């Protein structure tokens, strides 16, 4: 964390702002997806990577964000851009009771309970036709047609905002509490850190960020239905992006999401015609190998700053 | 009354098949504390083995089962020994790395099967598949009844294995205290690999029992993984009797939910049970039965 | 019988043991003493193969132990009666005992060993069908020792057998340890209860912050100035 | 640390400012992509193909693509106006975001002149929206979602696909003339919980109610369900005269089997196309398929025939051609794929005949005038509204009809003018078969 640490972000920022106008529509589209996943992976990392509450149901927040935007249009004809406020709000409002219930569970059981919660929400949105239009989904009118740049800068702002939120949180005392809960919840509670409360403090921005990405998805894709915004694969993609980049690192999730989106698109669109239908098999195999051999991701394994608060890692000395 | 009776029968018979699938899960989750999200996917692989034997040699799935089980046992053994076990004790930030690994392994198996068998729907339909017994207005599906019988045999067999043999006791001991089991001379890696294999073989049995009454495509696994997880948690991880009772209760709940609530919300019943059990009865049904 | 030669042990990057060496001869009761955190359990876990020394080696009956996996120790004849009992709580008393005799030799003498355990600890026979998790502290300790006996070991390593026991049970415990020793099992005893241990043992080593600071015959150490001040509170 | 914070804050401000300032000036920044009007393109005519070729939906996407290839070979037209026809294939895995990526690539990187695609509703609608934005003519093959052609998207053409709420159009005369006089007054409706199922159900519900038929059971179900018996038991308890089921392939088979097991006796069991018309249905449902009536968009013996590019064709030829080439029976999805290539080729030929340059704009214009006999019947792109208040753009309406499984063969029973067998109504009880 020396002086040069702002240098790279600044260059990346300048490239991210200045480059896209010179790219074709297809590449702009891919970059939009990249930024969307950067925001989502960064959001997930706050709860999963820093606070240690890996959730396999974060697609719930994505879907709620998307529906927060979509339902505005569906019921009241309000522009889904207001979903940028309504989406995260809905995600947070629903996340609070979810968190209060599921944070009582630990480790694997927390993972599973979030999966169950997400599936339940999906089924409710699918069946409750009056509320969400059910499987008919919501189709909206897109604001900008062929033009991708407005969408791109919008999602770039969302990604930057999520990075900024996470950065500020992790620099504050919250960050310290999050990491101590991850490292040893009992010890953290012993030190007087109310774990459920601080998990909620991690969950709320996490749900908000992912919900914001969801609201953007609604506006950009112009169509949502429960099975496309709540599936397990979205939750899994968030986690796998973070895994790839490095959980509990600041830049890792963004890096992971970028690689994840680019790699899958590269295999599908450019290698696909050559290797045929096995492109997704190769993708899945790469995932297995990454999890097996780089369990802390590229950023996590790559450098020595393995944990942000390394000194706080509990060490065992002597007997027990 | 006929409706209620029919609902109960359907739930009960389905629950028996669920129990076999879940019993493999309870072994893996309860004994090795591994959450295997790939469970349903590996069951799917077993179903394709049975399907291939049915189309090439005409073997009925109930017979092909005895080929599929060793196959899956081998796959499970190798997976645990060379892949999942590796990750378990690696120092990672996410303790759930292993969960994600099984998820990714599941994806790989789905894609492999897809490359070999394509995404087409398959089924093993024999006239026998629709044979029924009738009690008044209620029908009992004969293949489901047979499945139920075989399921009970597996549950009983596994129960005996776990309580009456040194190997079974070693499995349970490893689950309860890994270090102490090592002091006793238990080779934990070998035991866990064999257990994983055994769990997979049981999933294979469940798949084979399911094949004549259901259908098959590469993405069939996920709902079954979820069902097996719910049942395992409901019954109490690591308990055969728990998995059996959990399976029956779950089958019944699904069936009642479809009739008296709405077919679309049926799965919510399972999830609600799952969350309630996790929160208020962490030991599952097992603890109630023991009392 | 057991020779520990100059081992250094680390937890991650933190060194826990410095240059530990000691020896246990056949038929002895050797005590490893020290206060909480001195590294006694670490030493036992290293012998058991759960931890690996970064330097030095361990020999048992002339065989190198440091390269063997933990589960091989039992087949060599080393029984580890661990700290905090480490029973299998959801298994019955009888099943716990059976778990002690997995190795072929011990398995062959299973019935006989079981009788032996039941004569030493009659209470376990009464509780045979009870889940181990429901036993009292004293009973758990008996079961842990009984499980060790079931292995028909050459060397039994006992980790804090008196921890958390009522005073009269501690006396009982040490009687049992001496009895087992008389029946031909060499014992390596790790204890915080220095007074009792020194009375019972043949020889003793004192560990302080990961180093051996004192060693000698039990009786002799009982009157050592340092021991009296630091451990016996005289 | 202070400096880092400052740097980050500054960066953020720059990003935010840029995010809101740049969209305004973006049109100037982005280089105009249109080529000069006068230049006559000489490269190949690029046909984009955007289907799920891998993933869970691959079987139907592949069937579409194979049928398009079959049609391409059948009509033998390899170049139009001196420009060779080239297919550019994109696999979308059935995932909407990927479908959009694929469409973007086809439109901008590969510069496709026209795109054929759309299997699931969610992919179809996303592709259609992209097509309209990017101004690329898009022919939807299967996606049945009503809304796809209800948004007024002028670059989107329905071709041979049928909007979900019109799958049963030709069933109503049969209900009026045969079933209702035959004693049908109570109907049990259940449908799979998808866009297609829900839209179909809406149309069916309205039409049943308009006829005074009581809906004694009306529920969606989860198409992944393993055991549909509880639902069927509830249906049985509601004592309907007729069952109206909207199901896809495998749940249709399961429902037929389990209805048989439960001896769910009704005067008639009517399926809504989908699973009940597919060749696999009879394989998986066996004897239980018999007597099941179903609305159909297509069957191998629909008497459609015609001539395109000087090549005569019949519907049966397509069926046999597919069976011969790929060793499997096609269903209506494949027929739609085949028809779609006919529509596309017809448009290309008409442009060429008029002496115009083939580009996206002329293809769009040609497609609006499509009036062509295809394997799905006569397809005519028109703008029209139905009695449910749905207004469609560029929407054809293939003829639907009613078929019945008799002795494991799907027979055309309604309208009677083109029948291949007489309908059987009421159907025998399960015990008496």
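Side notes on the structure shown:
By letter and in written order, the chains are A, B, C and D; residue numbering begins at 1 in each of them.
Keep this in mind: a contact is a pair of C-beta atoms (placed from the backbone, for glycine too) under 8 Å apart; a residue touches a chain by one contact, two chains touch by 3 or more.
No experiment lies behind these values; they were computed from the predicted model shown.
Annotation of chain A and chain C: jointly contacted by B, touch as defined at the top. Inter-chain contacts peak for the pair A-D. The greatest centre-to-centre distance from chain D, using averaged C-alpha positions, is reached by C. Rounded to a whole number, the gap between the C-alpha centres of chain A and chain B is 31 angstrom. For the pair chain B and chain D, the distance between mean C-alpha positions equals 37 Å.
If each chain is reduced to the centroid of its CA atoms, chain B and chain C end up 42 Å from each other.
Among the residues of chain B, those touching two or more other chains are numbered 114, 262, 264, 267. Residues of chain A in contact with two or more other chains: 123, 126-127, 277, 280.
The touching residues of chain B, counted against chain A in their complex, run 33, 35, 83, 86-87, 90, 92-97, 99-101, 103-105, 107-108, 110-112, 114-115, 222, 226, 229-230, 233, 262, 264-265, 267-268, 271-272, 274-275, 278-279. Chain D contributes residues 1, 3-5, 7-9, 11-12, 14-16, 18-20, 22-23, 26-27, 29-31, 33, 53-55, 58, 89-91, 93, 95-98, 100-102, 104-105, 107-109, 121-122, 125-126, 129, 132-135, 145, 147, 151, 193-195, 197-199, 220, 222 to its touches with chain A in the complex.
Within the complex formed with chain B, the residues of chain C that make contact are 48-50, 69-75, 79-80, 82, 86-91, 95, 98-100, 102-103, 107, 147, 151.
The touching residues of chain D, when paired with chain B in their complex, are 54-59, 62, 190, 193, 219-222, 224-231, 233-234, 236-237, 249-250, 253-254, 257, 260-263, 280, 283-288.
Listing the residues of chain A that touch chain B in their complex gives 48-49, 52, 54, 56, 101-102, 104-105, 107-109, 111-113, 115-117, 119-120, 123-124, 126-127, 182, 232, 236, 239-240, 243, 247-248, 277-278, 280-281, 284-285, 287-288, 291-292, 295-296, 300, 307.
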